[in-house]
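What follows is a set of structures for review.
What follows is a pair of complexes built around chain A, which joins chain B in one and chain C in the other.
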Partner chain A sequence: MKTHIDGRKAAPYFFLLPFLVFFLIFRLWPIVWSFLISFFELEDGSIASFIGLSNYATIFKDPTFIKSIWNTIYFVIVYNVIMIFLAILLAVFCNSPIIGCKKAYRAVFFSPIAMSLPVVAVVFDLIFARNIGFITSLLGIFGVEYNYRIFASMTGAVWAVILMRVWRGAGYYCAYFLAGLTSIPEELYESAMIDGANSFQQFWKITLPLLKPMLVFVIIMSTILSFQLFDEPWILTQGGPANSTLTLQMYLYQTSFLKQDFSKGAAVSYVMTLLMLAASVVSVSRQKDSASGRR
Partner chain B sequence: MKKVLTVLLCMMLSLSLFAGGAKDTAATETAADNGKTKLEFWTWLSSDDAIDAYNQMQDEVEIVKVQMSHADINAKLAIALQAGTGAPDIYQTTQRYYPQFRDSGHMYDMTAVVSDVMDGYPSSLQDLVTYNGQIAGLTPDVSPSVMFYRADIFEEYGIEIETFNDLIEAAKILKEDGIYMLPIFNPAGSWGANAVGMLLGSREGNYFTPDGKVIHDNEDLEIVLEFLDQMVDEGYGESLTFFTPEFWGEFKAGKIAAWIMNTAEAANLKTNAPELSGKWKIMPTPRWDDKDTALSGYWGGTVISVTDQSKNPEEAAKFVKWLCGTVEGQVWAGKTWSAVPAYEPAYDDPFFQEGDPYFSGDNIYSMILDTTPFHYFDWASVEMIIGEKLDLMFAGQLSPEEAARAIEDTIAAETGR
Partner chain C sequence: MIGTKRKRTLSKLCIHTILIIYAIFTLIPFYWMAVNSIRPSGDFYSRMEGLFPDNVDFGNYISLFANTNFLAWLWNSIIICVLSTLLGLLICSMAGFAFGVYRFRMKSFFFWLVLGSVAIPEIVTIIPVFRLMSDIGMIDTYSSLVLPYAVSMFGIFLMKQYIESSLPMELLEAARIDGIGEAGLFVRIALPLVKPGLGVLGIYLWLNAWSSYFWPLIMLKSQTMLTVPLGLATLYADPWNLQYGVLMAGSLISTIPIIIIFICAQDQFINGLTAGSVKG
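Up next, the complex of A and B:
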């Protein structure tokens, strides 16, 4: 039987083939494989025996893992609240008709994300340095002694990490909110002004509701990215003191690459995925509720 | 015709993906421009001059250095060995992390090539590189402790140190003028376990017995922790994250008077604080007051091995032997990354008897005392556990005694040792 291939119909698939091959081998297969190995014991890189949910049970019994979950959730919530508040504030500032040199401000706000992370870490290290840092010098002018070592404090270190991340992220997400602001019709503000609404009322009743789609997008993206927090605490504190800045991603790295337990590491990564998924679902469903007028 | 061309183009694009993925690894026998066989060498050290010297002295192979951090080497090597592909011909790692690779069964047996130089190493290092009776690597260097100190500060305050109690007494005086006697790793991170291990070694102590059992009720550990806790608690030591700009900044600002550390950090000091040249001197590690003799603690040192994925393992092993097991190679290691020779005959070479102008003419090698063999097991877990307990102690949540017991119990529980 002769099979006839319609060249016109087949051509798009041929063009897609390089991507599909790449995607299947380098994206999909690692996802499937890592899920599989989370239920198996590995020996010399190969599957040795089925251990069911044993890896999952083991990590949930590990207090360090539980601590890393709480640290991550704490960070995600605190960071996102502060960062989004600041990003909106910066966007409104940049979008205000009474502000000049808007492009310059935008460039300045956006620049932290373009800076190399190790350089930023060096800068923050020297800002907080107890004896030779910027804060010490600044307070010294007023005769105030600064004797706090933030990176050695179990409560302070996490705030140093949050501050650094906010400093990097606020300007970046400000660009998203600026895009959202420019799509709000000017007439709405004019009508509100005629009705006697002040600036705060305009922001609360017009700007914020109409920014909601962008807000949800930023929350989801920022939440997913902040669940993967690794670089900042790794450079600044290595997860210390006493695991107070240890995040899930760092725990995953320690398990997989330092302790070389890849199957347990795979289990950690799927717990992370579930947490990110849950956070995203909650954000999206709240947006839907809000859009349909439910409270 | 057009269709055929389209299909061919797509197929070529698809195949090019695989072609791109077929990266040259150790398994390649790529010839260098000069016709030599290339051998890939993973290291984090600036050993270029030593490698160049070896490349010029023979016509068989060209060692190609791939530089990355030792954390990256450990992570990438672990994956490559498990995957059966992607490992280099030769790699360098820290002695404390080496056992996990040595015991993987993926090291080339170097016995036939290097057995004649093994007598040149201390027995502890011979044991370290031997697995199932086969020699799996060689040690190019060791990292015993010495005490670097600011000669100008010591002279100004009339400080003379022989024991650890002398350190504390002198620290009380320096504190009044805002000078710290020592930098203390706080948060401890991975450095904490190594620094405590080094001080333990200077007391003939260990975390583990030679056969890998956790030492319980470890009095040496308790004494070391008491010393560190006092340094932080009384403000005699400065809590710092090691090797950060703040860390070097405090050195340069004259805030730190001394540093008990491994010899390899001499090179780090010179690189990061060149303006302090001539102000430093070196002395042996102080003696603990309850001990009769002073010892150098042991920080670690490194190991170089050949993987079983190498297509030219014998040639690779010859390079390792030259660098680690000949006087010439050890002198190059000393010149390029300030290595303290692991191969004992090297100490007779004049290079290792010269003084260093940075340290006011002191010769660092002459400040090294006897060391006790230090035993490394499950080091990744051990580092994390000790780091956490030290942080809790520095935060006042554990006493030194409680921290010592918590360290022993947690290591035993987590590693089953």
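Up next, the complex of A and C:
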């Protein structure tokens, strides 16, 4: 019987096997390999010579790359501040005990996630379009003429992309905040009301502190996702006008797949990774600071 | 007392007003997409249109299927979504079962591996995976889209949680005594019990595969291999031939399946998604 493998002992490894195989091929090895090639020069796709930090130095000397970093950081900050503020506001209103149809509102607010990002891009293009756009038709009712070419303007294009993302994201994260809100016990508000606290005080002293774990989770998730902004600006503006909507992921795509410079592309991807991690750490630690400062 | 009651009605009214305004804002793009898909394409550039359609015209839908490769794109998207979802469900539920049920050597190491790799975003893997795919001649195939995204860390967490919370260990022990093997425990006892979790993860995986744009853009080359989002983007990118009506018809068709899924299972989906985030 010794030759017989104990089924119970081998079972967990058997169940983990598919995960491990895919994990090794499509995550672990690529993570290591792209880190390595970011320090090498490639010739015909194979590693030729070690060049240290040269790839990093080259991309940081490229003003287009610096521009794409600032564009991305600007977008991430503005989008997240607006979106999270709106999501919390909507969640608090939806969760208010005096209104009845919380789930119906949540369903409507959540629905934009059903549209894929390329579809969001073309639909919003048609909303902003002259002559045939929604804004033209809406303003037409009041006799106002709309002639603004939003994607030809540097600030207009950026804010249009922010608006699209807020439209799609606020309702989605509102569902997360609603889940966080329902876990706050009702008695806290009741006793606060007896103590004479008004709605704003209740929000600052009870809701926000207790929502903090969910807030941290949403900030990290949404920061990492929004750092990878690509679909809408790539489809609508290809980074223009004058690189005003050029994002890091677009720079990465251009370097790696249009110019086929894989080692520089790998360097760009690691710079992006560091920025994302840094942004998450900063925003989370600021959350913690403000939380402890208030107490 | 009447004063507080009036105040209550007033604030109720205020809240409803704000929420309804935001709901309208949310629905405008859906409305505009639908209206423009049934507007005759002919008079698009000629005159300003009103907010409401004058008459219903399905010409855009006919032209979408007759003059573009939309049917092929739809077919590609469905195949890719079915394969991604099935493979993802299989791998995640197996791994979740291993983490949720067994104690074994290196368990914490493997779990740390899952946790740690979440911190490193997917973008660092695209170049090596692209090179791998082109080395083995998989560019422009379904496999190139399905295989790299089969492992979902979120999916493994989710399945581990569902298995830990809904699968009593006593039940497994009893089944073992009845002579059911370990594979039988997984297929016949664990999987039926975590069906809600499989549903949530299935929708999540389908949604990801259905709306993905960046990776297919890198992987797919030929016109007939494109997925729906990529195909619609190429329709948009053709400035000589851009017909918004046709584009909106395609957009609507690509959005409807997800809307139907949401109408059927939105509550379970949202609860499943958000429950994972509170604990994890």
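In this text, the second predicted complex is superposed on the first by the 274 of 295 C-alpha atoms of A that agree within 3 Å, B and C clash if a C-alpha of one lies under 4 Å from a C-alpha of the other, contacts with A are read in each partner's own complex, and residues count from 1 in each chain.
Here, a residue touches a chain if its C-beta (ideal position, glycine included) is under 8 Å from a C-beta of that chain, and two chains touch if they have at least 3 such contacts.
Quick caveat: nothing in here was measured; it's all calculated off a predicted structure.
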Exercise for review: Following the overlay on chain A, give me a clash-or-fit verdict for chain B and chain C.
Suggested key: clash
Review point. Thinking of the overlay built on chain A, is A:V120 touched by chain B (first), by chain C (second), by both, or by neither?
Key: second
Exercise for review: Would you sort A:G171 into first (chain B), second (chain C), both or neither based on which partner it touches?
Suggested key: second
Practice item. Considering only touches as defined above, state whether A:L258 meets chain B (first), chain C (second), both or neither. Key: first
Exercise for review: Check the residue A:I31 against both partner chains and state whether it touches chain B (first), chain C (second), both, or neither.
Suggested key: second
Exercise for review: Identify the partner contact of A:P241: answer first if only chain B is touched, second if only chain C is, both if each is, neither if none is.
Suggested key: first
**Study point:** Which superposed partner A:I132 touches (first chain B, second chain C, both, neither)
**Key:** both
Review point. In the superposed arrangement, which partner chain does A:P18 touch: chain B (first), chain C (second), both, or neither?
Key: both
Check your understanding: Which partner, chain B or chain C, is in contact with more residues of chain A?
Key -> C
Review point. Which holds for A:R149: it touches chain B only (first), chain C only (second), both, or neither?
Key: first
Exercise for review: Once the two structures are superposed, pull the chain A residues common to the chain B and chain C interfaces.
Suggested key: 7, 11, 14-15, 18, 22, 45, 122, 125-126, 129, 131-132, 257, 262
Exercise for review: Quick one: which bits of chain A touch chain C in the complex? Just the residue numbers, please.
Suggested key: 7-9, 11-16, 18-20, 22-23, 25-31, 33-35, 37, 45, 90, 93-94, 96, 98-99, 103, 105-127, 129, 131-132, 134, 136-138, 140-141, 167, 171, 175-176, 178-180, 183, 213-214, 217, 221, 224, 227-228, 230-231, 235, 249, 252-253, 256-257, 262, 265-266, 269-270, 272-273, 276-277
Check your understanding: For chain A, which residues count as touching chain B in their complex?
Key -> 7, 10-11, 14-15, 17-18, 21-22, 42, 44-45, 64, 122, 125-126, 128-133, 149, 151-154, 157, 236-244, 254, 257-260, 262
Review point. Contact residues on chain B for chain A in the complex?
Key: 3, 6-7, 10-11, 13-14, 16-17, 71, 74-75, 78-79, 81-84, 100, 104-105, 178, 186-190, 238-239, 241, 244-246, 249-250, 253, 255, 380-381, 384, 387-388, 391-392, 394-395, 397
Study note, to complete from the structure: Residue positions on chain C within touch of chain A in the complex are 8, 11-12, 15-16, 18-19, 22-23, 25-30, 32-33, 36, 44-45, 47-51, 90-92, 94-95, 97-98, 101-102, 104, 107, 110, 113-114, 117, 119-121, 123-132, 147-151, 156, 181-183, 186, 207, 210-214, 217-218, 228-230, 232-233, 236-237, 244, 247-248, 251, 254-255, 258-259, 262, 266-267, 270-271, 273-275, 277-278
